[in-house]
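There are two complexes below, and they share chain A, which is joined by chain B in the first and by chain C in the second.
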Partner chain A sequence: MKQKAPKKKRTKAQKREMIWALCFIAPTIIGLIVLNFYPAIDTLWQSFCKTGDFGKGNTFIGFANYAKVFASGEVWHSLWNTIKYALIEVPFGVIISLILAVFLNKKLKGTSFFRTIFFLPMVCAPAAVAMVWKWLYNQQFGLLNNIFGTNVAWISDPNLAWVSIGVIGVWSIIGYNMVLFISGLQEIPGDYYEAAEIDGATGIKQFFHITVPLLSPTTFFIVQTRIIGALTIFDLMFMVMDKTNLALENTQSIVYLFYDYAFTQGNKGYGATIVVFLVIFIMIVTFILQRAEKKLVYHP
Partner chain B sequence: MKSARARNIASKVVMYIILIIMAFIMLVPFAWMILTALKTNQEAISVDPFYIFPAHGWHWENFGEVWQSYNFVLLYKNTLLMILFRVICACLTATMAGYAFGRLKFPGKNFFFALVLVQMMIPAQIFIIPQYLMVSKLGLLNTISGLVFPGIVTAFGTYLLKTGYEGLPKDLEEAADIDGCNIGQRFLRIMMPLTRSSMVSLGIFTALFAFKDLMWPMIVCTRAETTTLSAGLAKMQGQFSSNYPTMMAAAVLAVVPMVVIYVIFQKQFVEGIATSGGKL
Partner chain C sequence: MVASVLAACGGSNSGSGTSSGSGSDSGSGSKASTITVNIWDSNQQKGIQEIADKWTETSGVKVSVEVVDWDNYWTLLEAGASGGQMPDVFWMHSNTAQMYMENDILLDLTDYIAKDSTVDMSKFYEGVKNLYTRSDGKVFALPKDHDTIALLYNKAIFDKYGVDYPTDAWTWEDMYEAAKKITEGSNGDVYGMAMNTSNNQDGWYNLIYSYGGNVVSEDHKTTAIGSDEAKAGMEMMRKLLTVGAPQSVVAETGTDSLFQSGKVGMITQGSWMINAFYTAENHADYAWALLPYADVNGNGTCEKEERWSAYNGLGWAASAATKDPASCYSLISYFCSEEGQKLQAEKGVTMGGMTGVSEAFANAFPGMDISAFLKAEDYSLYFRPYTRNTTVWEDALQQKGAFLDPWQDPSDPALMATACDNAQKIIENAIANE
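Right after this comes the complex of A and B.
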């Protein structure tokens, strides 16, 4: 009994702590369940349903939507379009911003001026950015064709449009990647570079033998975030590509297709299936990346 | 010694050249947006590459034109209110939950925190259809509440604040405990003020995310007078697609407020993004 008494007292304090804690997490947890977990399950359920008129009266149709997705050239094509976009945005966005970050991390004059400019696209709505680029790309009157004296159909040539959209993506994301790289670079101890200096290693050697390995956790984080971001791209395609654009089929991303089916055509069931398909794809990519992490990231 | 110095200078010159070229590339679209917005349509579609500045006066009236024909007052108001409420909701719910997860002991903590982490891993597109159906059933289409709806709670913010609270020294709270403060007082008076920088990061992140989001406002606010700047631009593009100065004037009006805020609070923006590392 004697031993139990203090324990019981602690239990009372613990109980109070528990009640406080549960009250504190309640809004978030209830919110997550209502706004995220229930919707995720509902989307999954709808992907097995056929949407009636006006979004009413879901009828269960089993895997029919999935069969349609897998058989549909359109879905695979837009998945491929999305991957192509990622293949431009991620590597170029990462490499260019890494170089800029390394430069800005050196004690040059005007660093903050350059940083401000490079980060500028990040605070602009992608809708506005896309509108401006669409105007730059305009075949008849656009600045690009004017300056270079060319007549390139930047965004209506099916073989080129995806590159043009990828360029907008790179331009938009450089500042964000760069800021993350700079904060990663600042964590590398300066003595490594001083030691390398004494050994006579040049800047480029230092970059490949010190910066690249020690920065690899940051690089990996950025690459992973950007791959997922690129796979869910929507705004640029939606704003740049008109419905009548001949290259639309070769550029529409998978989220674009989802939006089109679920909200323009009102076919929520099929839209849900497309989004589940995308989520599964992203899960697989994430899993592979997690596996690769151990090999790609330098662990001292 | 001299050659090392020369090499140092040479490498600096190369770096500056690359930085200046990149800065130029980054600025050209902005410059062209502003310059086009100040031209007449006739001037804008002139195909002379050296025709950069508007020759016949600066046509500020383009701004007035879009301002009126697309009721920018309402677009600004809707965007501002959406951002404001989302930031308040996110900071409030996340700081409470973050404190509980980072500081308190309670049964089921790991399970509940796992829910937070799982939400962060799921792409948000999977929530959209049911969220839309809920907003529609609640009769919140074309309202500010509908715009705010998916942003009431934030798993990412909870995670961010939890990390912030965990980083605070332990003895702070113990002292308060001895002084007889209860958990609520400890949270409000001592702990919460100390996580201000995490809150600022979350606030900036939430505001930027809401400002840039296009799909959600397009879905829930289909009427021009109830929507946000982003979705409003998408609507305008359908109407004025061949009047380039008008379009660019609209784009300028849409980006200017955030750019101004960014230039003023640059340090907070950059630090907020760098420390939160959230996906935008």
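Right after this comes the complex of A and C.
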């Protein structure tokens, strides 16, 4: 048991130090309060309101918006669309970038060239990326259909569009994941591999018995942040899918739905409720992941 | 954003009370050196800036015209109205005008107009004027323009498949026959026509009215989109879709792009889009005709009430929070004076919001006959359907559960009839929730 330390009186110098410390962190704190905390609390408040035009005349209506959200097939469908997107983006984004990272971590010629190439999508504006892919996918004039001589409605077929969108997501994220993996790989001491080689372990065995377990903290970090990132996806659907696209219903993410209600239809209260619903869902997912961390991550 | 701080610099240029008129002595704000104007149509930016520059010659106040695309325009304007920065002068649209007027976001122009001899309210188009007049009689925007709808066709495609060009005597059935010949003649490589569910004002709304239905009643309180007349119109629409471009194609590429790339023979379009086609690569092949009519009484000729075109008009409005309301009104007044309106037509920006100023518009596009848009006014016009919160039902009509279903599968007449019934409910519910 720890003994409670007796309350010490602060000296004058300590007090002055504290004031200065507060001054130094004030810009960040004020920024956080104005830009993050206040809007978050206001959103929570709005989710309990029937909001008026232009932020005026909000009336409190209790849980009515929440009842509507839970009863709405549209919200659940969008949540499922978002999960489907995450199911593509997270596993493929992680596996592909891990393999690339292992190759690019070797001492070969041109690794920095390839690292740059794979990282490039991260540098492009997501909206620009989405526009380019939209035209690659175009059924009439798209490059994909032209090269393969097919006539596939990549983004208009309700059964296919979610995969097409997911592919864009994977393509955009592998560079970023890869950089994280490479830095994780460089933390692994080379002795392990040397010892394994002396014992006659093959490259694949080394990968599964040394690289994968020792890299698991990095992997876990990437998986967790990417799950949250994927659940809040918006720009891809917004840029690629036209409002009259047949497949929109099967691809629109929950943030897209929020945008539609809050900003296109001007129903801020209902939009806020959808977002709070998403936040709660993400909190649950994160909680489960944190619990699983001890079992999934290898601690030597 | 045009801070009054800058006013000190522009103080010497106080050339007010000249030809552009307006009561620049009324109002409380100080004189700004620049007025920001927001619009959403890049096709009009050049012309609007030129007219505004003429106003600058007499007022000494600079005007900066900025284009924000349609979707973001409303998001930004609403954010500005909710406590941020609004542009000084901007366009209003029938979708949202009522909401903005009721919340006193817009500058009340009533008193300015009363003192202004250059603006004659009786000359404006009735529907446009009424739209921007609140129920208590106050005016919040002056009519900028009006637009009508016509049929656009590609002569090269008609020649290639040996189909006669559209005429002013065409019914919607004739359009169907022509589209069918093109689609079948090309084995589906080229489509006779294309229309998306989002082509409402410039598309299928006009069929509903031609056949005697309506989308929103004249008092904006109810709808007849589920009536037998409207269903007859939409049944015709369905027939057209069976020989048109499939929905998956129009949603990905857009009807305008399809037309301009020679994949589609006919589309319907509004007069605000003329410039885009006039400046297109193959514009020599493009020609305009009157919208087809519906021969409801079967006598083989077009009665006035058998051919309908939607018309809509934008309004010039100013922000109630502007630093310099007098200059803002003065600019609006110039845009909407006979001089400004005639300039707008001459430069081919749009037709006027005022009657009798648009003849010059027909001559603004040498080599392209756009008289169909003016001729449409000899028949019936209906004002673009709107209610207090139009976007809610307008978007819903374009999507699943409404007209996207029959658009996806036009072969089944029952789907279209169901969609009309659903649309009736969607609009009724939306109005009830306003």
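The rule we apply is simple: the second predicted complex is superposed on the first by the 288 of 300 C-alpha atoms of A that agree within 3 Å, B and C clash if a C-alpha of one lies under 4 Å from a C-alpha of the other, contacts with A are read in each partner's own complex, and residues count from 1 in each chain.
The definition used in the following text is that a residue touches a chain if its C-beta (ideal position, glycine included) is under 8 Å from a C-beta of that chain, and two chains touch if they have at least 3 such contacts.
The structure displayed is predicted, hence computed values, not measured ones.
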Partner chain in contact with A:139 - chain B first, chain C second, else both or neither: second
Touching partner for A:118 - first (chain B), second (chain C), both, neither: first
Dominant contact partner of chain A by residue count, chain C or chain B: B
First, second, both or neither for A:284, with chain B first and chain C second: neither
Which superposed partner A:234 touches (first chain B, second chain C, both, neither): first
Touching partner for A:292 - first (chain B), second (chain C), both, neither: neither
First, second, both or neither for A:266, with chain B first and chain C second: second
Partner chain(s) touched by A:24 [first = chain B, second = chain C, both, neither]: first
Contacts of A:249 with chain B and chain C, given as first, second, both or neither: second
First (chain B), second (chain C), both or neither touched by A:100: first
Chain A positions touched by chain B in one structure and by chain C in the second: 55, 138, 140-141, 242, 263
Residues of chain C defined as touching chain A within the complex: 71, 75, 78, 81-83, 99, 102-103, 105, 196-198, 247-254, 258, 261, 263, 389, 391-392, 395, 398-400, 404, 407-408
Residues of chain B touching chain A in the complex: 11-12, 15-16, 18-19, 22-23, 25-30, 32-33, 36, 44-49, 92-94, 96-97, 99-101, 104-107, 109, 112, 115-116, 119, 121-134, 149-150, 152-155, 158, 182-184, 187, 208, 211-212, 214-215, 218-219, 229-231, 233-234, 237, 241, 244, 247-248, 250-251, 254-255, 258-259, 261-263, 266, 269-270, 273-275, 277, 279-280
Residues of chain A that touch chain C when the two form their complex: 53-56, 134, 137-141, 153, 155-157, 242-246, 248-249, 260, 263-267
Of all residues in chain A, those that touch chain B in their complex: 14, 16-18, 20-22, 24-25, 27-29, 31-33, 35-40, 42-43, 46, 55, 96, 99-100, 103-104, 106, 108, 112, 114-129, 131-133, 135-136, 138, 140-141, 143, 146-147, 149, 171, 174-176, 179-180, 182-183, 203, 221, 225, 228-229, 232, 234-235, 238-239, 242, 255, 258-259, 262-263, 268, 271-272, 275-276, 278-279, 282, 286
